[in-house]
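Next come the structures, one after another.
Shared between the two complexes below is chain A, which has chain B as its partner in the first and chain C in the second.
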Partner chain A sequence: MRKERDGISVEWVKLELLRTAYATRGGMLAARDPRFVIGWYLIFAVVPWFTHNITVLAALFTVCAAAVVLSRVGPLILGLFVIGFVVESLYVLFAAWFFGGDLTTVLALVELTLKLATISLASMAAFVSLDPEKLSDGLLSLHAPAMLSFGVSYGYRMLPVLMEEFHTVVDGHRLRAAPLTDKGFLGWRAVVRTATTLVQAFYPLMLNTAKRTRTTVEALETKGFTYAAEHPDGRRIRLAHLRADRWDHLLIIGTLLLVAASFALGQAYPLHGGVR
Partner chain B sequence: MTDIPRPGSAPAIEVEALSFRYPGADRDSLTGVDLRIEHGDFTAVVGGNGSGKTTLCKTFNGLVPHYWSGTFDGAVRVRGQDTRDRSVGALSHQVGYVYQDFGNQLVRPTVRDEVSFAPVNFGLADHRERTDEAMELLGVTHLADRFTWQLSGGQQHLVALAAVMALRPEVVVVDEPVAELDPAHADGIYAALTDLNTRLGTTVIVIEHHAEYVARHARSVVLMADGAPVWHLPVREAMERVDELERHGIPAPQVVQATRSLAPWAPVPLTVEEAAAHLSAHACEDRPEPDRPSEPAPSARAVAPAGSRGAPVARMTGVRHGYREVGGDLAVVLHDLDLTLYDGERVALVGGNGAGKSTLMRLFTGLKVPREGTVRVGGTDTRTVRPAALADQVCYLYQRPEQMFLKDNVREDVAMFPRGRGRPDTDTLVTDVLDRVDLTGLAHRDGRLLSGGQQRRATLAIGLAMRPALLLLDEPTSSLDTASRDAVIAMLDALADTIRCTVVATHDMHLVAEWAQRVLVLDQGRVVADTTPAELFADPGLMSAVGLVAPQITRLGLHLGLNPPPLTVSELLDRHRTTRRTRA
Partner chain C sequence: MADSPRSSEHLSSDVTRRSGPPELTSAQKLMVFVLSMTLFGLANIVTEVIPDLQVGPVTLKVSYLAFVPVVIAALFHPLYAALGAPLGEIVFVDLLMGDFSGIGELEGYLQMFLGIYVAGCLVRNPRSRAQLFAAGLTVVVIDKMLSAIVDIAKVWVGVDDAEFVPGLPQSILLLEGIGFAVALLISGLLFGALPAMALAPRLYGKIEPLLGMAPRDPRHPLPLAERGTGAFILLALFLSFVAMIAAFTSDIFGNFGVWEPDFIEQYGARFLWIGVSAALIVLVAAVVTVRFVAASRRGRAAQGRDTGTRSTAPEAPETPDTRAPEPRKTGAQNAGTRNAGTRNTGERE
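Then we have the complex of A and B:
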């Protein structure tokens, strides 16, 4: 018996992606100036690479985990991260044991895993909090090329359309392709079928998108997109609304204090691993 | 319509000896065009597919020749200035353009951002006032913070128009506004355009297939054929040239056809009311009696009485279904729906946007199962089987044909289903079906590269090759010109022999009038009427409640007191003449 599910289903995945992309859940960072959010993210993207101290890394990891909770990251993204993190950790232990490593090897691998996990958590917290307009304005104000910042916002604009289109094409394959009579051992035929369908669905998706973009490109021309690239007035107006308040400054100061505290903690209770 | 062009002022658009050929094309798309559109005019550009309407209009805002660089001879002047001397960006302050596929013209996430995009790009200091003004003008202020992908088609069109108006252009060009909208939304767009024209004096140029809208809203008409205007005339004179319009694939509005036959001496009517007035005035002594029950309803379209209905093909009982929204709420689309489709029926499913038509059809395919209630197709509960198994009995054709094209040529797409199911006669079947929809010569092409009408026929071929008992079509006639539309209706007519029951979800009341036997009216997820086309059109209360507009000829019949109202022009003519004879 089939049933309409609200839990894990294709519809749910689509909704979760939209909620994540459009920052519909709000949260601590969502109300902040995008430039400061990007700055906040950069701190955590860079700092972990300056230490081998596992205590420091664990503290940074905790700070980012707290930020993820405060930023209301959705279950889909968080779930994928946790699965990835757990699998990675198991792999580390297995690899260390298999290749006859000792505690040092494990610690070295744990260190790398922690660094990557910290950065992933920070990017989740930051990008879940930035809706398309904020992200593109933030990038523009940091002097990213106009094409990049527009591309980001246009990508977000097309995301729901493409997801819908992709789903339709996959449905078409489900209905019209040869039905599977036998799923094979452990359902391997079904897996192969799903994989080929996903790949085949890209052909119509790409062509349909290319057709759409022709109008878009002409419209951009009439809306002065190329004009704006040559004249700075538009950029100034677009960014005029970006104004940092004291909360934004507090965010960065607080973050830097927490990072400093992490390093102090690492000095006091060092748990070294890997290369000294 | 009091706005008279100021004498002496430069015309909005002036085209002189213009020829244009796209790069790589083997013939000119425009040849020797001379045209003058006065400031403040409301001009409709009509003509068959490939007559150069869109190319002509793209010369007005400089996309031709600045963006499409081909062989360009002659001159186009906007308010006296040559378009070749100005950039597309500069011209867009004077000429706004709304595309036929307006959805792709929206490039920003939210409505406010979209409308302010151009003024901000051009660095205009008053961008905020312009944005608010444009949104106010088109009545979309309440949508300002919505994401553009959340809007209905009609709302998207208004937003695209608002975004264009934010630059305060003197001229707006709108390419086929009615093509992808339901009648209520289409009327809304035309009302907005008329408002811009009368209140702001904006010159409006529409490309339009539907003579009915041209007659009601335009002030002058340009007929295009083979890359050049045949004539440019005031609307009433244009509508008098019924035969010439017909020759170029633009059938005259139904009221014009009827009036020409019944009262050839009367001036050409532009609206139903005018036609009714003429016909009543010229035939006031022999006005037909209203309500003559003895009048036999045309036998072909009468629904069979309940007792003689065929076997049930599909059935819904107590169906309730809805979707989760981004916010997490459940949007219920269908409420407690009970519905049975019988053998041999032609069913039209009508209702405004968002009434639940597509959801209802999708439930029959089994791609979705209802949250409550059961859907049975040929006795099988859709919950118990996979959609692929149901596909042997049900075929659903999407509204946008390109969504049906999964392969790189039409023949492969048509063959996909029968070959996958291992039908031994696949090749003969495919050849037959392609022949039937008259696409044999184009079968090797990618479906996406065909014209609108050909695409529609290709999807019909895909459906036919599936040999379903139940065929579901979503808006099969939308965005087709009249000739292609008639071809699709004729093809649907011919399907009766292979398909047991056909259901069409549509806004096209002409299709309902000419093809359907049974009409299901859906409103906010409930079936509010299960009736025949004639009965539906005779109930103005119901029609307006669900945002439908009956074909002109039906409304004219009602004005003249014919009940049940006529569904085609010939029916009105016959009955009008018979009644007059009986009276005499």
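Then we have the complex of A and C:
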């Protein structure tokens, strides 16, 4: 039973991770100019902090939730988000009750949860659908350090190699080690064995990665990588493909209108958390 | 590039330098950066796979394998290791796995950067287990302490008069305290300090030649004093700005709470005020941004014009952040290192 589960799980997890990283993503915001998507996200990341009105926050939350649906966020990420938020709020609620909270506490917590959830939903809608390299180009055009975009390109290409190598090293450790005769109370021996294998696997991995890094960097520097990344001409060439069309402008205008509508709604039906 | 990666490696001790190890070439800085980024990114993917264990309100989980950046920062230059490691987390886990959280990433980057940088500066001798132990704990203490402060600040800013809501401050503090203790025990001790104590001395002297560098020599500690203070002042300035802004905004909101009863009959007034102040803030931010962008454009254009006339291009810094504290090499120094390097190239591997 143990053998089967291990065989399936490690391989499955690896494949699932790769699928998450490389699956073609689509949806409402995927085709837009990354700079405008970042702007769209920033609107929702900033606006919730300007109000204590729960109606406004609920309206903003609804807009972001709709955006998440339109962006085709995967069920795994969405599920993790929902569970995380529900569990977190339950614990805070429980602790608040323990210290003698009342209805104002609940309202305050609802307000906080709505704020944080809106921002998380906005980031999910904006960035899950966006291709990482596109996003890094957008950030680069907003004067993020050139290293960020290099890191994304490098990580995008190296991830499968690294995961494969890590898996091989861990398998080697397991092959050479004698199986545990006794798992101990609650399987603590198995946990300790896994943890030590994990740590030991990093010893060869660090050496191998160091070697590979040197090859990569020397090859890059031969072609003048750092210089090109810093030079304005190189930057211009790299970002030349970014073009905004009228849909991008419509996106921002529509979003601003929706935010304004949310505030108008909150004005008409105000509901406040906190102490009055 | 003015100097090849091999030019200044193995600046042996016979070269008379009063303090500090040999300067890293820009290629070597990039190597340390990429190595740190890759390894910590991979470590983070591994931690993503490790399941959490929920015991009541306490989540027993491995936040990150802190020993990886600690080992890299202990063996190599802490600044470049610290710049790379949190980026690895952002790139490998957040961007590739579609979990990028916008501004939140910046906050996480700064916390982790500060933690690793300080930890790497604590280690003067990578073979000393006591220093590695301290470094492993320091990373987690700094990172988690800052993140707890940010979390509490979010509650304080996000909720109207949070300190007067019954039960809220205590419960937030309690949960943050529990989270901090668990992280310190698991990420800091079990997956931070102890593995770092085991791995760093074994890697010392083996991994550095692979990047074409001399191992860190305890007799020639990194000249962190001047370098550290520069970076540290910048960072302190930035953090105090953030704190100031947070305090300022909460003040604004506080004032609105106070004003509100006066305007409660005049229906549009409050809405108007919020709208006007929001527009004002956005306007000021936009003006500042445009000015900054324009200035940097001008700077870049000037730099572009310069490059033709520069005979020996000085090392180009990897990121704008590193530019400030970085002492520039002068042409004479460059020539000196190159000569020294050519004498010793035979030593390599």
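Note that the second predicted complex is superposed on the first by the 195 of 276 C-alpha atoms of A that agree within 3 Å, B and C clash if a C-alpha of one lies under 4 Å from a C-alpha of the other, contacts with A are read in each partner's own complex, and residues count from 1 in each chain.
One rule holds in what follows: a residue touches a chain if its C-beta (ideal position, glycine included) is under 8 Å from a C-beta of that chain, and two chains touch if they have at least 3 such contacts.
If you're wondering where the values come from, they're calculated on a predicted model, not measured in any experiment.
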Partner chain in contact with A:Thr226 - chain B first, chain C second, else both or neither: both
First (chain B), second (chain C), both or neither touched by A:Pro179: first
Partner chain(s) touched by A:Lys211 [first = chain B, second = chain C, both, neither]: both
Chain B versus chain C as contact partner of A:Val68, first or second or both or neither: neither
Touched partner set for A:Thr20, first chain B, second chain C, both or neither: second
If touched residues of chain A are counted for chain B and for chain C, the larger one: C
Which superposed partner A:Val128 touches (first chain B, second chain C, both, neither): second
Which superposed partner A:Tyr203 touches (first chain B, second chain C, both, neither): both
Partner chain in contact with A:Ile54 - chain B first, chain C second, else both or neither: neither
Which superposed partner A:Leu251 touches (first chain B, second chain C, both, neither): neither
Chain C-contacting residues of chain A that also contact chain B: 132, 154, 156, 203, 207, 211, 213, 216, 218, 220-221, 224-227, 231-233
Chain C-facing residues of chain A, complex: 13, 17, 20-21, 25, 41-42, 45, 47, 49-52, 73-74, 77, 91-92, 94-102, 104-105, 108-109, 111-112, 115-116, 119-120, 122-124, 126-128, 132, 135-136, 143, 145-148, 151-152, 154-156, 158-159, 162-163, 166, 195, 198-199, 202-203, 205-207, 209-211, 213-214, 216-218, 220-221, 224-227, 230-233, 235, 263-264, 267, 272-275
In the complex with chain A, residue positions of chain B that touch it: 61, 63, 67, 87-89, 91-92, 96-97, 99, 101, 104-110, 113, 117-118, 120-123, 125, 127, 147-149, 163, 321, 323-327, 365, 367-371, 382-384, 386-389, 391, 396, 398, 402-406, 408, 416-417, 419-422, 446, 448, 462, 466
Residue numbers on chain A that touch chain B, as the complex places them: 1-4, 6, 11-12, 15, 18-19, 22, 24, 131-133, 153-154, 156-157, 160-161, 165, 168-169, 171-179, 200-201, 203-204, 207-208, 211-213, 215-216, 218-228, 231-234, 236-238
In the complex with chain A, residue positions of chain C that touch it: 1, 4-5, 26-27, 30-31, 33-35, 37-39, 41-43, 45-46, 48-49, 57, 65, 67-68, 71-72, 83, 87-88, 90-92, 95-104, 154-155, 157-162, 164-168, 170-172, 174-175, 190-191, 195, 198-199, 202-203, 206-207, 210-212, 249, 253, 257, 267-268, 271, 274-275, 278, 293, 296, 300-301, 303-304, 307, 313, 316-321
